[in-house]
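Look at the two complexes coming up: chain A is in both, with chain B in one and chain C in the other.
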Partner chain A sequence: MMTNYGNRMTQGQFSFLPDMTDEQITMQIKYALDNKWAVNIEYTDDPHPRNTYWEMYGMPMFDMTDPAGILMEINECRKTFANCYIRVMASDATRGTESVKMSYIVNRPSNEPGYNLVREERTGRTQGYTILPYACDKPEGERS
Partner chain B sequence: MTEENETPKIILPDDTPVDLQKELRLSNVQEVLDELDKELIGLKPVKTRIRETAALLLVDRVRNKMNLTAASPTLHMSFTGNPGTGKTTVALRMAEILHRLEYVRTGQLVTVTRDDLVGQYIGHTAPKTKEVIKKAMGGVLFIDEAYYLYKPENERDYGAESIEILLQVMENNRDDLVVVLAGYKDKMDTFFHSNPGMRSRVAHHIDFPDYSPDELLMIAKLMLADQNYRLSDDAAEALLEYTKRRMKMIHFANARSIRNALDRARLRQANRLFNSTSKSVKKIDLMTIEAEDILASRVFEEGTLDMDGDEGADIKPQEPIVDS
Partner chain C sequence: MAEEQEIKGKERYKSGVISYKKMGYWQPDYTPIVTDVIAMFRLTPAAGVDPEEVAAGVAGESSTATWTVVWTDRLTASELYRAKCYKCDLVPNTGPGTETEAQYFIYIAYDMDLFEGGSIANVTASIIGNVFGMKALKALRLEDMHFPVAYMKTFEGPATGIIVERERMDKFGRPLLGATTKPKLGLSGRNYGRVVYEALKGGLDFVKDDENINSQPFMHWRDRFLYCMEAVNKASAATGEIKGHYLNITAATMDEMIERAEFAKDLGSIIVMIDLVIGYTAIQSMAKWCRANDMILHLHRAGNSTYSRQKNHGMNFRVICKWMRMAGVDHIHAGTVVGKLEGDPAMIHGFYDVLRETHNDVNLENGIFLEQDWASLNKVMPVASGGIHAGQMHQLLHHLGEDVVLQFGGGTIGHPQGIQAGAIANRVALEVMIQARNEGQDYLAKGPEILQNAAKTCAPLKAALDTWKDITFNYESTDTADFVPTATGSN
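The block that comes next holds the complex of A and B.
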């Protein structure tokens, strides 16, 4: 089970820890808001580590003063995409770009089957390796 | 994992002394109440109700500290009264009081009307209302002229959808959001009558009375002092007379009408000083509104309104009114 330790995808902050409670998530959101960062929510069904850009759930939330509104939005997203990965991101605009400061998972599929390690025979007996998430076995739109 | 860390509930003996005055000092709420007293003229019944509400919340907070748990009090309110009677101003103070007593996390007041909540087409309303709620979370949401959300003559009006979402949040997110509904008394009564869901969730009804001419004069003096102006004695008398006449006319909006009248008086004062032949304008002249600055209003000359017709009432002026 080298590719799927603990049957959990580990990306972003806190992903080696147990799933955060809503109170803990609220504290993290508060930290972002206190730093004047914009928070947004994203989801995907593809846990490949190189899958960088996930789908945005609504617009990034600017001008927010309190975490409760964002938590409400997270819960809406959880309802709609219950069996997807959902992450919360916080971006800092002080340098003139929205640079990512935080990124952590707040929802996971009930079953995380991990990755298929594919070995490729190359010339001169060299080996190439790649991984394919089992979660992506089916075509997009037929997963979940 | 929290179960092990939770502090064991200590049951205090029934005769444990309680220092309410100390609690009041700690919360800094007295400061806001004093400011309210000082900065708002009149409004006796409103001030009393706010004091009572503050007392209720303070006692509730102390009870909580002593583990005398009860359901957290419903804080949603309705402010009824004619335009310009101070509803928005008091709502701002209320948000501050709730913040100091830790019933809301931020002291922010988000003011909206029907247009901010209700959409133009199917599927537009829910995201709009939710967006507003999201922004207002942790503070106070002030819905001005709330009864326009409900249009009984059009059963497919999207306002009903907005009310539905608001009701849900008012019930489920009581710790996150306090909603204040504001508007005319009679229209609000009708609104509550046809929306029992709203009525049952709004616990505090505060009615804002109209101001007397004397109170309006005091308000005028306060507003002017804020901007480093003063009324001459004659001007004060003229303004009192102006107020009495203005009150009987259409679109009267209490303190707001006075504010507008003062803005026009400042304009006339500036013109008078500018056109005066005497060379010696002194600092005191720059500060003083004279009787003539007020008596030049059309309210005196023809018994009609000045140019801008004093916004605030929701009836459109029948015809464009031109300033004298």
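The block that comes next holds the complex of A and C.
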């Protein structure tokens, strides 16, 4: 078990708050749509902080204007990948931004074992650090 | 004053002394062109001196002039290289009938070929080089500058910028959270790293060295770097998030700064820090190094208030913001509105706009006197630091927006239940306020209520709110707007 606040991985915008209800998620989706941002859903079983490319659950929903439709997709993803991390992201195509504007977790595995910090002793008291998620101990395909 | 018009031709170059106006530095009919750099000053002339003549003097001494006529002017395109003061307006609420002696806003246009491309040092040597000591003026303050797109493009700008910093850190849609290690001086390396670890594990994204922590007898820089990186990596493993500590590499020489920066890079730090006092050339050198080494560059504005605070003399901080964006820093301390340091809200909004917008329109209310196109230079992340705490989260979000680092030093480390609890309180307060804002709630009005609700399930936040509930810093600012919007009746 992790020993930090909430005993869980805290990536994303709202990991320090209680898990969001569907109604709360809908309001966040609406905020993204009101800003004309494209919403997409991603999932992974590898919570490494530098694991940038989670698997895409379909394409960004560029033309979906109904928050309920997006929530339906989120719930489909939750059903299919119940024991994965799932995040909802929003992308802004405006010049000068052209990047992610929102990212929050809407599903977590039932067990979050945390990370192993591996130290490599080097010369002059320096150390090389490697962070390994315990969740990735097994090969891809044999996890969960 | 017909005799004070510009003299042209042979008469202009007769040996001797003529007024700056006659020399051609006062051109009231001039309209700036797209290749002009424009500087705007607040001028207080010496007693009894014609303001337009002093204004022309400022234009002259910051460009081509000396005190007497020189024939060698005739060997150059001197009319082009002469800076032209084209506007000299009395500042509102100054002069006869007011409590303040007469001040003037003067606008001076410089052909951009007067300046070396990509060099802040060269710009400043002209614009703030000699003119502030002229006897003909009592006080002078550089208020704003405009740079042509062509000249702006000679600068690389921020090495990382807001967008890429967020992508590298995997943190979106909320302000970043930081804290400065306290006490700022005296901790050993081992104890110092303890503060860093606790704050990062608790939920902050960054911890920071203070401006004056370099390599003192109680803690040498290598020790500080080693212990801080142990803390950063351990906290990263404890939370699953990317974390950082601004390692201050300010030192006596460029060689020493580069040595410290290289060591920070070898240890895997994502960010290094410098102080404004190292100077413009050193800042630009470090920005180039950071660009070449994928490092975020944090700038502490140590020293700026010695020349930016008084309203009649020195220079406005918004100009420092412009120069630093051009010089290429990624972070700069730019005020909190609600904290302990100088800052009128409207003025600070102006600083933030200069740092974060792709284009600045004239906005007199916020002190933006000149339009600026940022020519796709990256955006600088403003840092709000000094006397702020979790109980002000709604105000901070309202005034400063989402692209900002909120630094709660005392507000984290001074928490009654410890540093981790302090960090948790700040992070919970931040996330709940972002959630409320996104939900369309009136979070500014309902802020205290939103925080109290969140505190019901978060004891550290409750303790923070109880401890600092009445702490505010309500002092009058010295740097205030000259133009205040007049309320108009709505029908």
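Keep this in mind: the second predicted complex is superposed on the first by the 134 of 144 C-alpha atoms of A that agree within 3 Å, B and C clash if a C-alpha of one lies under 4 Å from a C-alpha of the other, contacts with A are read in each partner's own complex, and residues count from 1 in each chain.
Note that in this section a residue touches a chain if its C-beta (ideal position, glycine included) is under 8 Å from a C-beta of that chain, and two chains touch if they have at least 3 such contacts.
Fair warning: this is a prediction, and the values are worked out from it, not measured in the lab.
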Simultaneous placement of chain C and chain B on chain A, clash or fit: fit
Chain B versus chain C, judged by how many residues of chain A each one touches: C
Touching partner for A:10 - first (chain B), second (chain C), both, neither: second
Contacts of A:66 with chain B and chain C, given as first, second, both or neither: first
Vertex chain A, arms to chain B and chain C (CA centres, degrees, nearest 10): 100
After fitting on chain A: smallest Cα gap, chain B-chain C, Å: 10
Overlap of chain C and chain B interfaces on chain A (superposed complexes): none
Chain A to chain C touching residues, read off their complex: 2-5, 9-11, 13-18, 24, 27-28, 30-31, 47-50, 52, 89-90, 95-104, 114-117, 125-129, 131, 133
Residue numbers on chain A that touch chain B, as the complex places them: 61, 63-70, 72-73
Of all residues in chain C, those that touch chain A in their complex: 163, 166-167, 170, 172-174, 201-203, 226, 229-230, 233-234, 236-242, 266-268, 358, 376, 379, 420, 424, 427-428, 431-432, 434-435, 438-440, 454, 457
Footprint of chain A on chain B - complex, ascending: 105-106, 108, 130, 133-139, 173, 176-177
